[in-house]
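Next come two complexes, and both contain chain A; in the first it sits with chain B, in the second with chain C.
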Partner chain A sequence: MPDNNLLTVDELKTYFFTDEGVVKAVDGLTLEVPRGRTLGVVGESGSGKSVGARSLMQLVDPPGRIVEGSIMLNRADGSTVDISSLDPRGPAIRAIRGDEIAMIFQEPMSSLSPVHTVGDQIGEMIELHWGYTKAQARDRVLELLQQVEMPKARGVIDSYTFELSGGMRQRAMIAMGLACDPSLLIADEPTTALDVTTQAVILDLIRRLQESFGMSVLFITHALGVIAELADHVAVMYLGSVVEQGSVMDVFHRPQHPYTRSLLRSIPSLGLEKKRRLEAIRGMVPHPFNRPGGCPFHNRCPEFMPGVCDQLVPPLEHLDAGRTVRCLLHSDVDEVRARQEEQAAAEREAAAGEAAAQRSVGKRGGESR
Partner chain B sequence: MGLYIVRRFLYMIPTVILISIVAFMIIQLPPGDYLSTLVARYEAEGETLDQEYVSRLREIYGLGRPVHVQYWLWIRGIITRGDFGRSFAWGRPVSALIWTRLGLTFVLSLTTTLFIWIVALPVGIYSAIRQYTVGDYVVTTLGFVGLATPNFLLALIFMYIGFSVFGQTVGGLFSPEFVSAPWSIPRFLNMLSHLWIPVVVLGTAGTAGLIRHTRANLLDELRKPYVVTARAKGLPEWKVILKYPVRIALNFFVSAQATILVTLVSGAAIVSIVLSLPTTGPLLLRALQSQDMYLAASFILMLSVMNVLSTLISDIALAWLDPRIRYT
Partner chain C sequence: MTSESQQPQQPEATGPNGNRKPLLSVRNLKMHFPVVKGLMRRTVGYTKAVDDVSFDVYPGETYGLVGESGCGKTSIGRCITRILEPTAGTILYDQGDGRPVDIANLRNRDMRPYRSELRMIFQDPFSSLNPRLPVLEIIGEVLKVNGIADGAELEARVRDMLRKVGLRAEYLRRYPHAFSGGERQRIGVARALASNPKLVVCDEAVSALDVSIQAQTINLLQDLQDEFDLTYVFVAHDLSVVEHISDRIGVMYVGKLVETGTVDDVFSRPRHPYTEALLSAVPKADPALRDAGKRIRLPGEVADPSDPPPGCYFHPRCAYAKERCRTEEPQMREIAPGHSAKCHFAHELDLKGVVAAETASR
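Now for the complex of A and B:
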């Protein structure tokens, strides 16, 4: 099973160390990106989707950084590399960026430089990773622009982004993502900034390109409808961790996590059940400094179990058909409690030991938090 | 691009005409004229000038005519014959007096600008990409000190250093033996050895200001999404920074140039007096005091034209740098 995965993310934690405190933007992200398939990542604003995606390329800006976990990339030559252990500024990660993992960003206008031509911005990647000359790169860029069905590709290659329409800019962005034939394309809400008809066209284009290039796509969105249309697998995120992952059909038809169930119920449907009131998930996504203890969803959960969900952190449980879920409804609560209490005790002991050691050394004001 | 330059050039013409009118009007604003100043000076010394002599002079210089006629004669002389009129106080044609001084002002301004650029750009970039590090704080502190120190004080300090450490003659742009010598390579080298003091003095405030501005602008650009895009391509960090945010921050850098030149030329007067530099500043001041109107008006006109030209150059540079300006 792991051999079928291009990328395996395990318990990834990306924290931002700000002056006001630590923001746990990604807190225990576990993901499997299958080879040649599309994985949709869905979640509300602030669920850590974008930061998680950027972590996969070590693109998180300070004060954010990956503090824990692993990102195993199975490369084309059969070797495996843990991206989380690479230096964010080093040559090893730079060789992966753009070449093996590429990214399409949300707003093509601000994500592309206003003072460089489209051809220059795409071509420089090909020159960099493939060692092409300017002329060779230009031919390749033209080919790419035709593949993304850019109207008047020959003119667009020498155009600036402000001369293009929103849809054309996003096509240019996609061409940039595909430039070096990556094995993984991360699309971070690529259609959010576009109008609805253009959205549909771009989504269709991404699906067809995925098939013809045979790459894996990690598609980030907050729209469940987009996932249903585009993805083979889906990961549902809430407050920095994946609460449920599985094949799209399976997850949408048999949601196992109360959050997924609530999300699905909050989609307006046309036609049937016209009289039904649209359900909303009660409460708000908690403030990042004010994460609830235990299961992060417990204070909004319709199936909240007092004394359990607010005390225990739900572990990842593997269900049938390659599905995973992070919910205490699916765990053996007593066993989880025993394990976490044991762990907490061990940590307390370690902390006490450390404090004692610090006292004996005579250091004042050790950071006891 | 060609059309842009032509259009921009045409805009210049009415601007220069307006400036020439304003320059001439300003000279006329104080009550009296050169001759009444002259008479007053003689009277202060207990002598009197022959009334008839004065009115004959007034006739010769055309001072009795209406202002617009005087202006027309002056401007016609400039355009048709390159004749800027005569300086009353020096008794020589204005054109014989201003060109060397304008030339030196130009050299001094250009050198100072280059100095400002060469120092401010790399330091500003460094300060921005290393924000809140020790290096940034050192640069920031030096910048504030540079901004806050009055130029004339800096001039005095540098003169002292130049005299006591390097044994240079104090003030001027040349050593005594070169002051009235014709242009030659040794004279040019001698000028360079004197030029550093006014360049550093004049450039310090500008450099400090431009460092701060470059830093602030670059910090804005560094947070833009296109920088992440560039990183996501796998470009090395130096290339990410130089090709994208620095390139865009350059726009500001270039457009700030026009204002820098204006402050340089006007700020140079005090420094030039302290350092007794043979530039336009001191002569202009004297001309204004004695109401030597053609000399003063010509200086003001030429300095303004210099500023208009530098604005034109920075506009063309901007258009060349930024396609968004070029295409609209």
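Now for the complex of A and C:
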């Protein structure tokens, strides 16, 4: 079982400690990235999909940091490493970044260097990670540019990014992602800024490259259509956690979470029955400081159960192999209630004990604030 | 009586509304931007953002303008609302008394009475609202400037407008930063509709919004259209949204209108190879359709509007291009009633439209 997955993320929490309070951007992310397949992560803005992806590479900027959970990467040599425990600035994670896990971004113009040629910036990675000489790296870059079907690759290698069109920049970005033959490519909205015909070409390219390189792809997007075209498995995110994960067919044809169902009904799709009124989800994604208690979706949910969804946090339920859902409609509510009450009681007790201990320390020390 | 005297060099058939007169007749519209170079800012050429475009918009309908970035769809919207001054052409606007006025050639001063009737909703709900003005002034400005309402009456009308777009009337004195993206877009809608306009240009009005907010906003626009008898020119790049909201559409490529007709006709039976490619490229939200039908992938890049190729602008990327396409520019011709395309071979080609989605059991 663990060998089928390249990456297993368990209850990952990435919080941002700001002056106004703690933003729980990723709050209990559980994901499985299968080997050699494409996992699509879909969610609206604020669902934590980008922060989640950055966490996988320890790329979260302060005041954000990973506070809990594990990110187990099965490496090519058979060993396993927990990325969440690595120092974000240490050599261990830097060896993984770009080499084993690579990332491509939405805006190639802001993530590529404007003052280095395409060849230099892609080549630098290969020199660093693989110890190639400049000349060797240049050959490899040319090969990569040909693999991403860059038009006039021989000319582009010495061009600057501003000389390229949007589609060509995204190809350069992808070439850079593939430079060190990563086992996981994280693509964060790589086609969102592109026109629809260019997007189609880039999606085809990613699909072909994935087949020929045999890597896993984690594809993050807000567009359900793109997920339906590309992904093998889908994870639907809402307010920092995955509410549903499963095969693309299951999630699109047999969605189990009310949020997934609502999302699918709210998009206009080509060729669907005409002038059907869109079924919009009421309300909006809550502000991160103002997260509802219980199930985070309960105040927008068409299947809200009063007294249940607003009180209990839905646990992760396994339906079938690789199929999970986080919704109380699928849980044994009484059992969940008993468990969470027990847990809350234990926490209260622990807190009370700690407070008592602090009081006694305070009395004795006489100067604690 | 009608605008027949100015008549169409590219005739369009009667609209879907029988023989009703168009509210807006755009004829041979051109919007060229100078390309300047060097210290002396010498004009070295022109970017033909909109190049000889003609179409009609009928009262009460939604006319969708689609195309990829740089095709000129936004410039057309801005010419209609006279944010831009067109280089050439006419835009006849029927003010209701049978004497259409050509808003393309009005002086700015003479344009004023029409500015409250032709309104615009912008794409970005963040940059299109003045951060220093409270909602009352953002929405009420058009009423005040045009002397439609003032003082207490103005406030009452703004309150009413806020309720109509689904915002609480108490928010009147708040500033834009206090609202979320979806709410701001509602303020943009309220501002456009406050003066009781006849025609609203929605320029990518829902493109920047999240999926769930997008659906709410589309529904709102449709409800308001029914309530106020509005006509929309809906500019967007998202074909699924355009299909959903439009009655008729125009497809643009490098400043030219290449195909126009009812949404059903254009989407089910496209007559221009570019439309076919565009439809084929749209991701379908159903994994079962992944391998349905052939995919068309356009080679190369969109032509440069300041240096377009000879003949048909689309020929370097067109799979059906023949010798004639390289030399002779095709004219817009009516292929079927109400359905026109700008392609030499529109009659002969059997192009593929949208594969009807099996409505998945959801």
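Everything below uses one rule, namely that the second predicted complex is superposed on the first by the 357 of 369 C-alpha atoms of A that agree within 3 Å, B and C clash if a C-alpha of one lies under 4 Å from a C-alpha of the other, contacts with A are read in each partner's own complex, and residues count from 1 in each chain.
Everything below uses one rule, namely that a residue touches a chain if its C-beta (ideal position, glycine included) is under 8 Å from a C-beta of that chain, and two chains touch if they have at least 3 such contacts.
Only a predicted model underlies this, so the values are computations on that prediction, with no experimental measurement involved.
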Overlay on chain A: chain C relative to chain B, clash or fit: fit
First, second, both or neither for A:F162, with chain B first and chain C second: first
Chain A as apex of chain B and chain C, Cα-centre angle in degrees (nearest 10): 80
First, second, both or neither for A:M125, with chain B first and chain C second: first
Partner chain in contact with A:V26 - chain B first, chain C second, else both or neither: neither
Contacts of A:V242 with chain B and chain C, given as first, second, both or neither: neither
Of chain C and chain B, partner touching more chain A residues: C
Partner chain in contact with A:R89 - chain B first, chain C second, else both or neither: first
Superposed arrangement (fit on chain A Cα atoms) - minimum chain B/chain C Cα distance in Å: 10
Shared chain A surface residues [contacts with chain B and with chain C]: none
Chain A residues within the chain C interface of the complex: 44-45, 151, 165, 167, 195-201, 203-204, 222-226, 228-229, 231, 248-249, 252-255, 261-275, 277-282, 284-285
Chain C residues touching chain A - in the complex, by the definition given at the top: 68-69, 180, 182-183, 210-216, 218-219, 222, 237, 239-241, 243-245, 264, 267, 277-290, 295, 297-298, 300-302, 354-357, 359-362
Residues on chain A engaged by chain B in the complex (per definition of touch): 54, 57, 59, 61, 89, 91, 94-99, 102-103, 105-107, 110-116, 124-125, 128-129, 160, 162-163, 176
Complex contacts: residues of chain B adjacent to chain A: 224-226, 228-237, 243-244, 247-248, 321-324, 327
